[in-house]
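Note that chain A is present in both complexes that follow, paired respectively with chain B and with chain C.
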Partner chain A sequence: MPVYVDISRCIGCRSCEVACKRVHGGKGHVNVHMAGDRASVPIFCHHCEEATCTMACFSGALYKDGERTAFAVEKCTGCGLCRLACPFGVVWTDKLAHKCDLCQGRETPTCVVTCPANALSTDFEAASKRARTRAALVAAYGGRV
Partner chain B sequence: MIKVDKNLCLGCFSCSNVCPNQNIVREETEDKRSIHWKKCKEECDLCVEFCPGKALSLVPFDPACEEPTLTFDLVACKICGARYATEPMLRRIEASLPRELQKDSTGLAWIWVCPVCRRKIEAERATKQMVLGRSRANP
Partner chain C sequence: MPKVLVPTVCPYCAAGCGFFIAVEKERATGIEYMPAHPASEGALCSKGNAALEVLYHEDRLIHPLKRKGDSWTRISWEEALDLVARGIHGAMKERGPDVVGFLSSSKCTNEENYLIQKLARSLGSANIDNCARLCHAPSVVGLNRTLGAAGMTNPIADLANSKCIFVIGSNLAENHPVISRWIHKAKDAGAVVIVADPRLTHTSWMADVLLQLKPGTDVALLNGMAHVIIKEGLQDDLYISKCTSGYEALAEDLKDYTPEKVSEITGVPAGEIIRAARSFAISPASAVVYSMGITQHTTGTDNVQAVANLALICGHVGRPGTGVLPLRGQNNVQGACDMGALAEFYPGYRRADDPETIRFFSRAWNSTGLPAGRGLTATEMICAAASGEVKAMYIVGEDPANSDPSSNFTRDALENLDFLVVQDIFMTATAQLADVVLPAAAWAEKEGTYTSTERRVQWSHKAIEPPGDARSDLDIVCNLAQRLGLDFSYAGAADVLAEINSLVPAYGGITRERLGDFGLVWPCPTAEHPGTPILHSQGFKLKDGRASLGPVKYRPAAEDASWEYPLVLTTGRVTVHHNAGSMTRRSPSLIEREPDLFVEINMADAAKLRIADGDEVTITTPRGETTANARLTDSVKRGVVFMPFHFPGTNILTADVTDPEARIPEFKVSACRIARRN
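== the complex of A and B ==
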């Protein structure tokens, strides 16, 4: 269950970025980008089905574990191939690689728990249903709902 | 002692990371990185085992032999021009991914774009999609 973003809700507060850093020993895996004055977008791992980072990792440190793109730090040698193999630029390497691990060991990813705007969710159905409902409301009443 | 095959080395620093004795020295500037292998007398082959390019092998110690150094120019990002990787590393990524995954939906060969620009592109794409969604809902 990757984390889904409803960017129309994101207020660009960077709470997710900071919270992610806090629970990962100072190395965060979320980057909130400002798309001019139109939107703010938290960027992090999509846990791709065809995860190119895992295809590039020679040591087996990055691998698919169900829906999750998992990372076994003890196998990583810090070669940096994964950093170059992620189309979204969301693996970092400084000596060792680090990326979103969906806060393994916690019930809900920290960014999801933290977001004050409810922009992040692990429930794709709920996230897309909410977006559809809102779109319908907008169509019926106009303006942003 | 370590022997390096210059044609196979990717310039990735994996060997330097795993060496417990600081025998493989790395140096990086804005546009270059270099690796220097000191004469190693240890009974250890960690670097050999963990080289993704299979560029290293162990040979008998020879005091007359010179210590190898390799220098790589870093490739400039197609979009912002920042230097971000060695060419052999990027070629290696190309070789390990299926072709259809090497271009994004707009046809961009993202491997030759730096990770910072990749994140920006993703943010722009998501924003456009949202704006489009809104105008569809409220024409």
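== the complex of A and C ==
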């Protein structure tokens, strides 16, 4: 159950950043990247199907747990290989590694609940249907009026 | 000790989002979301998520303080209240009650605002106002006149039912982020979004039609759109004849505003004006959302009238998905106005210059000598302080030294006072000029009601105790009033609310018992009334039940670029800060994301001035100068620069010219020049 981003909805308000940091004891796992003055996109762990961080992690601290890329902090040696291996720059080592844990223990990840613009969701079907509907509407309206 | 979840209302903007404060061992330890909330569905923006950071900040005021030369001495509440009572009483005894000015706070609860204006007026002073003067005074004046009620006509969530949303002069994506949620829902259902703003803002990312107009030309743009609508016969004739008055005069006046002429004034291509006008008029339900880009002008009231005209001629009022939606800034600025903390209105928008109002409240408050007529507005009080007509001021939860225009002048004016009391949670720039500083409780440390921008009155519960000796504003005002010989014996906020229920008709049925999870929407006149989310569906509370259309002429802003000051400065907000910034600049997770004052300059202008991105520059206007970091962008047009007003420097620059009716300063247009610092 990773978190999906609808980039057309992100308003660059950075509440996911602040909320993530708040619930993870001061270490946030989301960065909102501003694409010039025209768009923004929150960047965080994709929970890759073939996660390079898990491949690099020799101690087995990072591992796949179903869809989730999980992290067992007690096994972490703080070597930093995962940080180098991640193609998206969303695993950090700050003595020990830390990354998105999909807010284990909470019903829904915090960033998804707090997102004012509904840009984040855990439901892939809903997110993709919304994007398709919107594209169809734009086509149907012929570029609007 | 178990964790308790206490429901409260967010202390930042007026969207009125609710959240729970988790309290453990009498400390606020976390935030939990409120997914059932009708306006936010559990969402919170970055400011809301960081709200608890200010509660335990080391800068919180925890003792009453007295000025001693350049330093402060800690005093007891007894001594502080005696000093304040003596100061106010002394000034009034010498020269009459009008030498004392009161500024109430749109951050305080309805009950506190009600008591502060009652205190001022019971003492005989008509000079009571709040910072709505600096944000939505033109909406109060303009909408009361045209529609008969000052407030958003439709709820926030109703935007989802709209088929065309016209956002003018509002950067809601940054300033009221949860509202974009409802706009996106409307877009999912095929709505067209039109955004008019001098800048490309985060809100403009949502736009299908973008109108990037020159600052201060809103009336021309709105009139131009109305011109196109009437010329093409897209107006709603049935609605106009049934529900409005004054259409002929308006139509006649609009003849001059051809798209070509308007294009010349505003800098928006004529084709875009026509496109926007058609989209707005032909959609089955269109809403206009506006904010301070409309109001903070010398033509603020005209702008509001022009917005209302546009909605009314298309018949887009009084139905789901339509309406005129002013987005208010502070969490309780709507409530502060409803409660009569305004120079021209008593509670419930009863006019201060109407003798019937004075009779009504004299009887209700058992008081003689209530002041009749309009008092000094917030901006006028500062001028009167400078000229010596106002000798003492009691400022609750406001920071005019940062938030008023032309800060250097404001600061001198406040220093010129014989006696200044400031009641706040932090030592603001204004508090530093005070003789006595009273420590107040923040929102989580007291209870009471707040009225959000959609007129939703919500009860916010007390989660924790105030720090140190700090007390709630309600306690402080009641204690002070008693020292000044007034009978303010209220048991608590609920007690005050009961008095409000009996005196403000729109709040008649909004009793403590009925305020459940998400409050009630005024007008709610009786104890059985369900509240009125959509206004004006059954006509207007004006003569004949008709809304009044009125022609407005385009007048240029007070200042324009000149040889000496070639750039036009416009001000606004950024997403991680709020207003004068006394809270957000102390919030670590917000200030780290936007730590310094910046100025946005168009790349072409910057190249001419030999300014690179990140350079330190000096911005100068006739009022003063300030330094900021240059941020090169193409989101402002050539000739326009933008600065956020959350930092102390910005309002040194802005002009104190005001709208002739609503007395709002023109924060949005000041001529300036910029040079790189070496």
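The criterion applied here is as follows: the second predicted complex is superposed on the first by the 141 of 145 C-alpha atoms of A that agree within 3 Å, B and C clash if a C-alpha of one lies under 4 Å from a C-alpha of the other, contacts with A are read in each partner's own complex, and residues count from 1 in each chain.
Heads up, the rule we're going with is that a residue touches a chain if its C-beta (ideal position, glycine included) is under 8 Å from a C-beta of that chain, and two chains touch if they have at least 3 such contacts.
Just so you know, these numbers come straight off a predicted model, no measurement behind them.
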>> Given the alignment on chain A, is it a clash or a fit between chain B and chain C?
In response: fit
> Touch check for A:39: first (chain B), second (chain C), both, or neither?
Replying inline: both
>> Per the contact definition in the header, classify A:122: touching chain B only (first), chain C only (second), both, or neither.
In response: neither
> Using only C-alpha centres after the superposition, what angle do chain B and chain C make about chain A, to the nearest 10 degrees?
Replying inline: 120
> What is the contact status of A:83 with respect to chain B (first) and chain C (second): first, second, both, or neither?
Replying inline: first
>> On the A-aligned overlay, A:58 touches which partner chain: chain B = first, chain C = second, or both, or neither?
In response: first
> Between chain B and chain C, which makes contact with more of the residues in chain A?
Replying inline: B
>> Going by the contact rule set out at the top, does A:22 touch chain B (first), chain C (second), both, or neither?
In response: second
> In whole Å, what is the nearest CA distance you get between chain B and chain C after the fit?
Replying inline: 11
> What part of chain A is shared between its chain B contacts and its chain C contacts?
Replying inline: 38-39, 134, 144
>> Could you list, by residue number, the parts of chain A that touch chain B in their complex?
In response: 5, 7-8, 31, 33-35, 38-39, 41, 43, 50, 52, 55-56, 58-59, 77-81, 83-90, 95-96, 131, 134-136, 138-139, 142-144
> Which positions of chain A touch chain C when the two form their complex?
Replying inline: 9, 11-15, 17-19, 21-23, 37-40, 113-118, 130, 133-134, 137, 141, 144-145
>> Looking at the complex, which residues from chain B come into contact with chain A?
In response: 10, 12-14, 17-18, 50, 52, 84-85, 89-90, 92-93, 96-98, 101, 104, 110-111, 114-120, 122-124, 126-127, 130-131, 133-134, 136-138
>> With touch defined as at the start, can you tell me which chain C residues reach chain A in the complex?
In response: 30-31, 33, 35, 40, 42-46, 48-50, 173-174, 177-178, 180-181, 184-185, 187-188, 190, 192, 200, 202-203, 205-206, 208-209, 275, 278-279, 282, 575-576, 589-590, 593, 633-635
